[in-house]
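Scrolling down, you'll hit the structures one after another.
Okay, so subunit A shows up in both of these, paired with subunit B first and subunit C after.
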Partner chain A sequence: MTETARYRLLIVLLAILVTSLFVLSLTVGPADVSPWQGLAGLFAGDDSLIGLVMREIRLPRAILGLMIGATLGLSGAALQGYLRNPLAEPGLIGVSASASLGAVIAIYTGLSALLPLALPLMALGGALCAVLVVRLMAGADARPLSVILAGVAVSTFAGAMTSLALNLSPNPFAAMEIMFWMLGSLTDRSMTHVWLAAPFMVLGWLMLASLGRALDALTLGHETAASMGIDMKRVQRLAVIGTAASVGAATAVAGAIGFVGLVVPHLLRPLVGARPSRLLFASALGGAALLLAADILVRVVAPGRDLKLGVLTAVLGAPFFLVLVMRARRQMA
Partner chain B sequence: MTSGWCRRYLVAGVLCTALPFGAWAGEAPRRVVSMNVCTDQMAMLVADKGQLHSVSYLATDGSTSALAAEANSYVVNHGLAEEIFLMKPDLVIAGTYTTRTTVDLLKRLGFAVEEFAPEASIAEVRANLQRMGKLLGRQQRADQLVAEMDAEIGRLKTIKVHDVDLALYYANGFTSGSGTLVADIVGIAGLENLADKLGISGTGQLPLEVLVLARPDLIAIDASSERGPALAKQNFAHPAFRAVTSQHQAVQLDSRYTICGGPFTLVAARILQQAAMKLDATQLDLGKR
Partner chain C sequence: MSRLAVSNLSASLGGNTVLKGIALSVGPGEFVGLIGPNGAGKSTLLRACLGLIPSSGEIQLAGRDLRRMTAADLARHVAYVAQDRDIAWPITVEALVDLGRQPHRGAFARSALADQEAVEAALQRMDIDKLRSRRATDLSGGEKARALIARALAQQADLLLADEPVAGLDPAHQIALMQVFRDLTRQGTSVVASMHDLGLAARWCDRLVLLEGGRIVADGPPAAVLTADLLRRVYGIEAYVTEAAGGLIVQPTRLAQAGIEQEVAGDNIHG
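After this line comes the complex of A and B, so read on.
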């Protein structure tokens, strides 16, 4: 089988996986609704209670799972290609934590109550700051270690400021919500959240997806890429704003969810060959599948306990990260 | 390390100054400090004039305390050991779950500390009121409060209400099932608690979609806004919740009546009962459709 045929097969398989997980996500929930009943209620269009539950509670949850997963997978693949760093990922380099901080400031100052758009925009702003700081700290050669260290500093700082903002809030519930912003959850989201975040996520996807050819050229090094007619300034703009827009919007409605952007590109890279452009689309699908699966698991494993999504992705992602670090050390030795 | 020596020295010094203010056996305390929003309210109701010196800051917050206005006439504390120490109380009253480190330190310093567990039933409210009466040397006052409560409970129980399914739906989607004070209150009001039907005991989560499909006749929420925004009450703005409450009745039940046990808890029972009686036959049919 040629590499292209193998890539097409992979995409088809991933698409089937995402579709089935999406449907499965619609049929899983605390309420006692049979899958058939639920799916029928989704399309019935009447004002039955099951239809209400399906359309207003489960559908937005599944849509957000799909879109946020795709965002994290895609941005992970794009960042790894752009920074030429196998450990780059929105969570690890502090983009998610900074987006959380932006969202927290928007919500708890009351700004988002006056102007709903302030929520995704402030999260976007937070994410943008993080990408710029990490890009700046990493320098032109973008050494793996400096990128990760800058990311550690950014996410620790953003996390501390988020906790501070929530602790300063006079609202007695605010401090408990640190958990949501640090670990993420899709429980009882609504279509309002989908409409608020989706435009920014799609915009970010388009920007990141257009990076394919440039990322392929970048594997040969900055100078070769520039000599091939790749406009590095434009690439930087697209990568930075695309990541900030998509991850910022995703975090604004679901909190910071870690490790998806790390795990997915690494699992898929051997399957798509050494072409970053192919990895982008595959990682978007893979991220969607992983997050949908994680969100199904939190409902099945601990029903009625509102287990946070970030707990599951960390249980999966942290050992994975350690394996990557160990492999990198062996290569260096 | 000199900290062990230091501490011993400090404790010894502190004991010398603290002991003269310790409770005299057999005599009612004269300078009482309460550090928990629930004991605050009970002490305010039971204590003699001038006997209670300080209450916690939460007692003055109208969203957590039913006696917020009364609390303003007392010195406010934040449950900090240093602060309580300087007040030189002869009795400290605390909750069993809050300000643990302060309670431990105050005990080590030789202060008389009495701890109250949060009440999980009206029977426990009665018992705690009596105990507060005994501690403050105000048994008569406590007996009077208990008698008033019992009279009100008796009155509420004689009122016949239709068969009403009530869902308690708090911030973050929590509800109260059997073994909680609020469940007792629902029973006194003569209503059925949805949590019992769903097998939820204690305080647990009531997922929004379960609430929607359970079709309760009445939903009790506390949608009042606290100082400053938070996500906790987003569930009341969810389109699915709004669709349900446009068909079914929602009743505003301020959590200041239900957080702590006391005579004011029966206000919650009265609110629920009156809301249930306002439901007419068509609304009840809608619930059972």
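After this line comes the complex of A and C, so read on.
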């Protein structure tokens, strides 16, 4: 089988997997609804309790799982390609930490209690600030290393400010709320969250998806890529703003969910012949599948305990990261 | 019309002037060797000609101002083989060489027959058609170098700029690469390659450009540039230079005594 045929097969299989997990996600929940009843209720359009549970609780949760997973997978693949580094992930350019800081400020100041949408909007604002600072600090030469350094600086600062807010929080409930929000979850999200995040995510997806050729050329390094007709400044703009828009929106509605963007591209890379352009779409599907599966798992493993999705991905992802680092070290030795 | 015309080109990196008033013109079908000691500015000159580093002065490619060309336009006129051979991902050799066709393809176009032919020809030319399914990251240094040159050949530009393309190649592949460059120039492509091997440069290049401290100190046919005198002055070496059948033979023999004394004296002044 040629590499192209294998890639097509992989995409089809991943698409089937995502569709199945999406449907499965709709059938899992604390409400005592049989899968068949639930799916029928979803399309019935009446005001029955089952219909309400499906449309107002489970459908937004499944859609957000799909969109956020795709965002994390796609941006992880794009950033790894742009930075030419298999250890890169969306959190690396400071977007997640800054979006979290925006949300924390909204909770800390009580703004989120006054206006529910203040939290996601502040989080998006935080993500956009991060991008502006990273782009300014990275300078005009558009080198990936400057982006990493700027991102680490922004992440560290946002993390420190978040800790400060927790530290100074006059109200233990606000501190609790901040903690809970930072763990990352898809519980109790509504269609409002979907509509809020969707435009930014789709915009970010389009920007990242347009990077395919540039990322392929970057396999041979910054200078060779530039000599092959790749405008490196444009690539930096698309990679950074695309990640900020999509991951910023994801963090704004679901909190920080780590490691998906790191793990998924790494798992799929050997299956697409390591071509960065092919990894983009495959990772979007793979990320959606992984996050939907994880979100099903938190509901099945600990029903009623509200196990946080971000905790589960970190618990599974961190050991994976360790293995990656160890393997990279062995290759360097 | 010259493929590459540079005049009054200067460039600085980190506050140091690394190129000073360079004037250079490369015509169709010329094979130009860029020689000079470490730090003379060979790589910098190649990079400046591609617009990869900021510079002042005039650079024209195929009669057009480099700084007014779009990145994509540039890629159709000139191909570049970088000194850096780091390949980030384990793509196959065939996929790597196919990257050279990217500037010729539309954003979503599939590989056309012309693309496949160019890739095939480049694989054959660089003697790596048997390696086509191997992962590029698993190749030996010399194989990697050949794959990267094949990538540039597949680009089929009129001008090929190569930064130390023979470094790390075994003698047979060094000669084979020189033969490839000569064949290319016979077909009208212009080649500018920086190199350290004066013997190869002497035998194969039509013309040599000798750089020292960011300036061109000699430019002409090998016999005019590789004189014992210039080699002693610029490289600080004594060399055996003689005409023979098939070209000039240059064999560096030992360090020139005067050169060393000069350097020691220079160190004392700086220290």
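By definition in this document, the second predicted complex is superposed on the first by the 270 of 333 C-alpha atoms of A that agree within 3 Å, B and C clash if a C-alpha of one lies under 4 Å from a C-alpha of the other, contacts with A are read in each partner's own complex, and residues count from 1 in each chain.
Keep in mind that, in the parts below, contacts are C-beta pairs under 8 Å (C-beta built on N, C-alpha and C of every residue); 3 or more make two chains touch, one makes a residue touch a chain.
Keep in mind the model is a prediction, meaning the values are calculated, not measured.
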Looking at A:Pro172, would you say it contacts subunit B, subunit C, both, or neither? Reply first, second, both or neither.
first
Residues of subunit A touched: more by subunit B or subunit C?
B
Considering only touches as defined above, state whether A:Ile50 meets subunit B (first), subunit C (second), both or neither.
first
In the superposed arrangement, which partner chain does A:Glu3 touch: subunit B (first), subunit C (second), both, or neither?
second
Please work out whether A:Val152 is in contact with subunit B alone, subunit C alone, both, or neither, and reply first, second, both or neither.
neither
For A:Ala274, decide between first (touching subunit B), second (touching subunit C), both and neither.
second
In their shared complex, at which residues does subunit A touch subunit C?
3, 84, 213, 216-221, 223-224, 226-231, 269-270, 273-276
Subunit A-facing residues of subunit B, complex
63-64, 171-173, 204-205, 207-210, 212-213, 215, 226-235, 238-240, 243-244
Residue positions on subunit C within touch of subunit A in the complex are 47, 50-52, 70-76, 78-80, 82, 84, 86-92, 95-96, 99-100, 102-103, 107, 135, 148, 151, 155
Write out the stretch or stretches of subunit A touching subunit B in their complex.
29-33, 49-50, 52-53, 56-58, 107-108, 110, 112-113, 169-174, 176-177, 180, 187-188, 190-192, 304-306
